[in-house]
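Going by the order they are written in, the chains are A, B, C, D, E and F; count residues from 1 in each one.
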Amino acid sequence: MGGWCGIANPFSAEVVARAGFDWVCVDQQHGLVGPDGLPSMLQAIELAGVPSLVRVPWNEPAAIMRAFDAGATGVVVPLVNSRADAERAVRAGRYPPAGDRSWGPTRPAQSVSGYTPALGNERSLMVVQIETAEAVDALDDILDVDGVDAVFVGPSDLALSYGLAPTLTPRLPEHTEAILQVRDAARRRGVPAGIYCGDPAMARRWRSEGFVVLAIASDVVLLRAAATDAATRSREGAAP
Amino acid sequence: MGGWCGIANPFSAEVVARAGFDWVCVDQQHGLVGPDGLPSMLQAIELAGVPSLVRVPWNEPAAIMRAFDAGATGVVVPLVNSRADAERAVRAGRYPPAGDRSWGPTRPAQSVSGYTPALGNERSLMVVQIETAEAVDALDDILDVDGVDAVFVGPSDLALSYGLAPTLTPRLPEHTEAILQVRDAARRRGVPAGIYCGDPAMARRWRSEGFVVLAIASDVVLLRAAATDAATRSREGAAP
Amino acid sequence: MGGWCGIANPFSAEVVARAGFDWVCVDQQHGLVGPDGLPSMLQAIELAGVPSLVRVPWNEPAAIMRAFDAGATGVVVPLVNSRADAERAVRAGRYPPAGDRSWGPTRPAQSVSGYTPALGNERSLMVVQIETAEAVDALDDILDVDGVDAVFVGPSDLALSYGLAPTLTPRLPEHTEAILQVRDAARRRGVPAGIYCGDPAMARRWRSEGFVVLAIASDVVLLRAAATDAATRSREGAAP
Amino acid sequence: MGGWCGIANPFSAEVVARAGFDWVCVDQQHGLVGPDGLPSMLQAIELAGVPSLVRVPWNEPAAIMRAFDAGATGVVVPLVNSRADAERAVRAGRYPPAGDRSWGPTRPAQSVSGYTPALGNERSLMVVQIETAEAVDALDDILDVDGVDAVFVGPSDLALSYGLAPTLTPRLPEHTEAILQVRDAARRRGVPAGIYCGDPAMARRWRSEGFVVLAIASDVVLLRAAATDAATRSREGAAP
Amino acid sequence: MGGWCGIANPFSAEVVARAGFDWVCVDQQHGLVGPDGLPSMLQAIELAGVPSLVRVPWNEPAAIMRAFDAGATGVVVPLVNSRADAERAVRAGRYPPAGDRSWGPTRPAQSVSGYTPALGNERSLMVVQIETAEAVDALDDILDVDGVDAVFVGPSDLALSYGLAPTLTPRLPEHTEAILQVRDAARRRGVPAGIYCGDPAMARRWRSEGFVVLAIASDVVLLRAAATDAATRSREGAAP
Amino acid sequence: MGGWCGIANPFSAEVVARAGFDWVCVDQQHGLVGPDGLPSMLQAIELAGVPSLVRVPWNEPAAIMRAFDAGATGVVVPLVNSRADAERAVRAGRYPPAGDRSWGPTRPAQSVSGYTPALGNERSLMVVQIETAEAVDALDDILDVDGVDAVFVGPSDLALSYGLAPTLTPRLPEHTEAILQVRDAARRRGVPAGIYCGDPAMARRWRSEGFVVLAIASDVVLLRAAATDAATRSREGAAP
């Protein structure tokens, strides 16, 4: 169960991280968090005692390496559509010879004495996002790549890719089927499958389907819904 | 009905300001918003089309003037306990001869051509917080001060001041009575009375009691509750 | 007529946006605005009621998508030199199947209820910069790409590309001719042509030549000229 | 001749500081610059090779001391209306026994080896603002205070204080007369007199009247005027 | 043994906090840390598992309350020279009836469920600085104030106050004697005495004299010395 | 001899830059400095009168151009492994026809009147990092590229690339040999060779071996070592 941060602020990150999630992801792709604001958010999540993920803006080595150097426990890479994409992501997160990560574990080395490449590789999770038809078709190839620690479905992009409206609550069979294909392929390899849920009901549904890495909802969505709900309920019974 | 921002970020401020409140207050007293972060939050609230208030950290002229120069529609001044306190607050928000505000309406002058002191005085609301027994005893004196546009109860500090536990949901008669005294005194003068509610249920209760300026809940509280609730509900039915 | 922001500050952005321009562009290429500072500047421009453009640092999908997710009305992509470049830019700004934009309209969805991919595509302008000889030669190819909403000349880079000194006030025939070729090709396709002008005199000249998207001058240039002029004129008549 | 910075950004501060002024003042009173943003602006001004002043938000020792510790060459203190106000300001800027400044010259000590209290006192200019009728009446008392390095007229507040409309271009005799009284009193004591001018024409007028510390105009005003002028002139001759 | 942070950055704060100190103090008086930058530095120190202190810029209730609301374990108040000063400081740090602290423990309440005023009072240390002759003379009065958890000597200001050159390595008997008077008075009351040391040698000396709260050196001083030393030693043996 | 900044703060950058180094490099690859924080750090280094380098996160034209536009004297490009890599780096740093740098020297043009492409090319140093076996093998190809102003060894990555543990103090012959190969190849071409040293002892060793561009140690490493040392030495002789 994970929280998701799109507000660029270390205090809101701490609030989310203390809410009872197993991990919290800082979203640099669709959230409004840039490279300057990232490190203090990772400190805030770590302070709450939960692992931090970073969704990087793109499958770029520099972004992946900087997330790890800033202290991320794991990186979520969007739009991994092929074996080559997966290899590119994995290589950016691993020190040679397994990959090309450049040495300079700036924040991790502060808290771990005797940090080594082996330790770094071990502690740096690589989660790849499956969110296009192309990726679903290449699932086995992607899962073949050693170092893919988990696959993670982006339901909205996946829907778009199949020509459907983007939604986190799939109702159309093609949408659901594509999502379950990801689960099945991952299960066959013993790799954990995850999915962006959007709300607790979907989290429960996907968990019952066998997904184990469940992003519930972003701080933006939660705050917006909570504030709207509070405003609406406060007006109940008021004269118009 | 108002929203309340303690997270120092202009995007979360926009999210709150678009949630359906009549106004949004940026809290520099107990929120984590400093002087550098304030102006962009006021822009964000104004963007959403709602008036912005600023709760200043203290009854200090410099803080009050800067909030107005940065574009606040109104200022909430904590711990106004006497006529002298109220006068101090009011004078800081008004140009001479009504007060001592220094000329330099940096942000307001950007959007209003021909900004004048009279316009500035007219557009700058002064809300004083009644949150001690001392203030309750001095209510008439405080309300006598010309330029007090509204009084606003801080229930937690008020409780503390009467030797009770701080709470936003008063159950003890002394607490409730003190709060209603504020309403009564304000009503006698035709000054709007407000109160920090904490949740929609309290907002409805206080509205039914005649309070008209109702701060529902802060972004911190809303986000925390929503995230905790999402995490909890997502786990329902899960194996321990 | 557009303003141009290279100073990373939401208040200076508001000042520029209230100056009477039809749109304002935040420059992440040559301006000193990074990803962290961008969103609040877009809020400030929107507050002034004018559309916002973002010149991204490079023709990179991640930068383009993030500008739109942060609320930009349009994106200006530098150095589009070929059909492939134009396609890459356009695809990053459009949701499937027209492109590859990933779903997550974080800021746009705050102000528009029922935001959809179709609406997103409709509201996301793609402006490509023509600023090399190579691009001039490939103009028809570039304009063939569906989704190029406007072409925009960068006169300095264009001059450099023809081996001339960079200037915003072309005097050499080759320079002017290349610029007018862009206008002609755009006119043939019914696509608006724009150009970076540098000052009002050039804006009038280019308008009379048929350019319709006219960037006047950046905040940096305006502030520098105004401050230098103020310092110089204040000294007039002073003893040395 | 001085520049004036109200935009919280070290690059715009550098632009202003390189424009040919003799000094540049960062305005924490009416500008939107808070304590966090101040130090890098002082670095930027120093980089341009000109002395930096800071107008503090209020006559508060902490604000004055922090401005000096952050590297300001001088401090401008608003609303100094009496001998007591002047003494309070001066004492905050001087080390014992001349004052109460606390030892900790954090930035100055970086560039000066062997920084001493005597050097600190010598290098820390104290400029007091005369901007009320009360201050004009107390001028001799204020100028009696040892350590007042210059007096500086705030024409708008001064006008307000006499019941006039705030303006930087005085036309009413009472306004002008009050301003010249400041000059006369300062001249009698051999203390330099300054004034906020608003534009070059006023700077020339006040210089000819004997004022020697002349603040021309703020970056906000310059940028706004330059941008508005650029937008307007670019439209000249355009079809409506 | 404590570290001291004057660089406004949460990563450098983490580095200092992981260096083996018993506590780390963020210096808002002479350091360059403003209110906006404070909260993330407190998160960083807490992340390293050590208590955080904040030296506020001045003995002002708002600054003290905000430091505690932002999560500080304790506050160091400069220039406490009298019983009244000490009472003012203590009252700002304690909830009624022991003081006037306003309720709103924004960050502390995130990590402690069931936060109460009693808990807040218990967890909020008040350290007062003794750094003038006046304070030394008033020591017993200051120590009489219930709620002074520790006294802390500022040797440089103390020297200045006695007409001596500011120094952290006292050689003159009057300086040393004044310092030891603080220790003696504190010892008589069973209150811990502390002192700003400046380097390890002084820390050892003061510890042997009975001081128990020892601030070693600031990040600014440490970084400057380390960098200068590294540059110098790297040049050894080099041709000039 | 150079300093190295990984802490995102313009004051710590000034402290390092005043320590006696010949140049200072801001590290955007492994340091925690993002694009938003870079410009003010370059101002701070320039203020100290030393040239500034920027290590960009990756061999990307946009990052290189922005570093130069923000005022860097030179750029250090990581992981240049081939002639193509070197050409890509060089072209990004040079105006046409020597390269593809886009015109817009935002900060350099503030301090140099009459800035031209020729001047820009002359003042923009390109340093390429040699830090893989692949790069060592391609050294002559890389050095063949006109516009490579210096080569710079990253010993840790180089070690990793040869299957060794990352270290700045090479003890294994393969490691040392690879490093010296870089020096030899550079010497043959008359190109200066540099290396990241980690401490003064290594700086002296590499200088004696003929390296002339010597990065001593980063602010993070220096601060950490100095703080740890201060904490440890302060405890000496203390009861456990």
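Methods note: a contact is a pair of C-beta atoms (placed from the backbone, for glycine too) under 8 Å apart; a residue touches a chain by one contact, two chains touch by 3 or more.
Just so it is clear, the structure is predicted and the values come from calculations on it, not from any experiment.
**Q** State which chains count as neighbours of subunit C and simultaneously of subunit D.
**A** Under the touch definition, subunit C and subunit D have B, F as mutual neighbours.
**Q** Out of B-D, A-E or A-B, which pair touches the same way C-D does, with over half the contact pairs the same?
**A** From the options B-D, A-E or A-B, the copy of C-D is A-B.
**Q** Could you give the separation in Å between the centres of subunit E and subunit F, each centre being the mean of its C-alpha atoms?
**A** Here the centre of subunit F sits 37 Å away from the centre of subunit E.
**Q** Find the geometric centre of each of subunit D and subunit F from their Cα atoms only, then give the gap between the two centres in Å, rounded to an integer.
**A** Comparing mean C-alpha positions, subunit F is 41 Å from subunit D.
**Q** From the C-alpha centre of subunit B to that of subunit F, how far is it in Å?
**A** A distance of 51 Å separates the two centres.
**Q** At what distance in angstrom does the C-alpha mean of subunit E lie from that of subunit D?
**A** That gives a centre separation of 33 Å.
**Q** Give the residues of subunit F that touch two or more other chains, as numbers and ranges in rising order.
**A** Where subunit F meets two or more other chains at a single residue, that happens at 8, 11, 15, 18, 32, 34-37, 39, 60, 107, 110, 220, 224.
**Q** What is the complete set of touching chain pairs?
**A** By the stated definition, chains touch in these pairs: A-B, A-C, A-E, A-F, B-C, B-D, B-E, C-D, C-F, D-E, D-F, E-F.
**Q** Can you tell me which positions in subunit C touch subunit A when the two form their complex?
**A** These residues of subunit C touch subunit A: 34-39, 60-62, 65-66, 69-70, 95-97, 100, 102-107, 110, 116-117.
**Q** In the complex of these two chains, what residues of subunit A are touching subunit C?
**A** Going through subunit A, the ones touching subunit C are 6, 8, 29-37, 57-58, 60, 78-79, 131, 154, 156-157, 160-161, 163, 165-166, 220, 224.
**Q** Quick one: in the complex, what on subunit E touches subunit F?
**A** Interface residues on subunit E, with respect to subunit F: 1, 3, 7-9, 11-12, 15-16, 18-21, 32, 197, 199-201, 203-204, 207-208, 214, 216-217, 219-220, 222-238.
**Q** Which bits of subunit B are touching subunit C when the two form their complex?
**A** Its residues touching subunit C are 10-11, 14-15, 18, 39-40, 43-44, 46-48, 107, 110-111.
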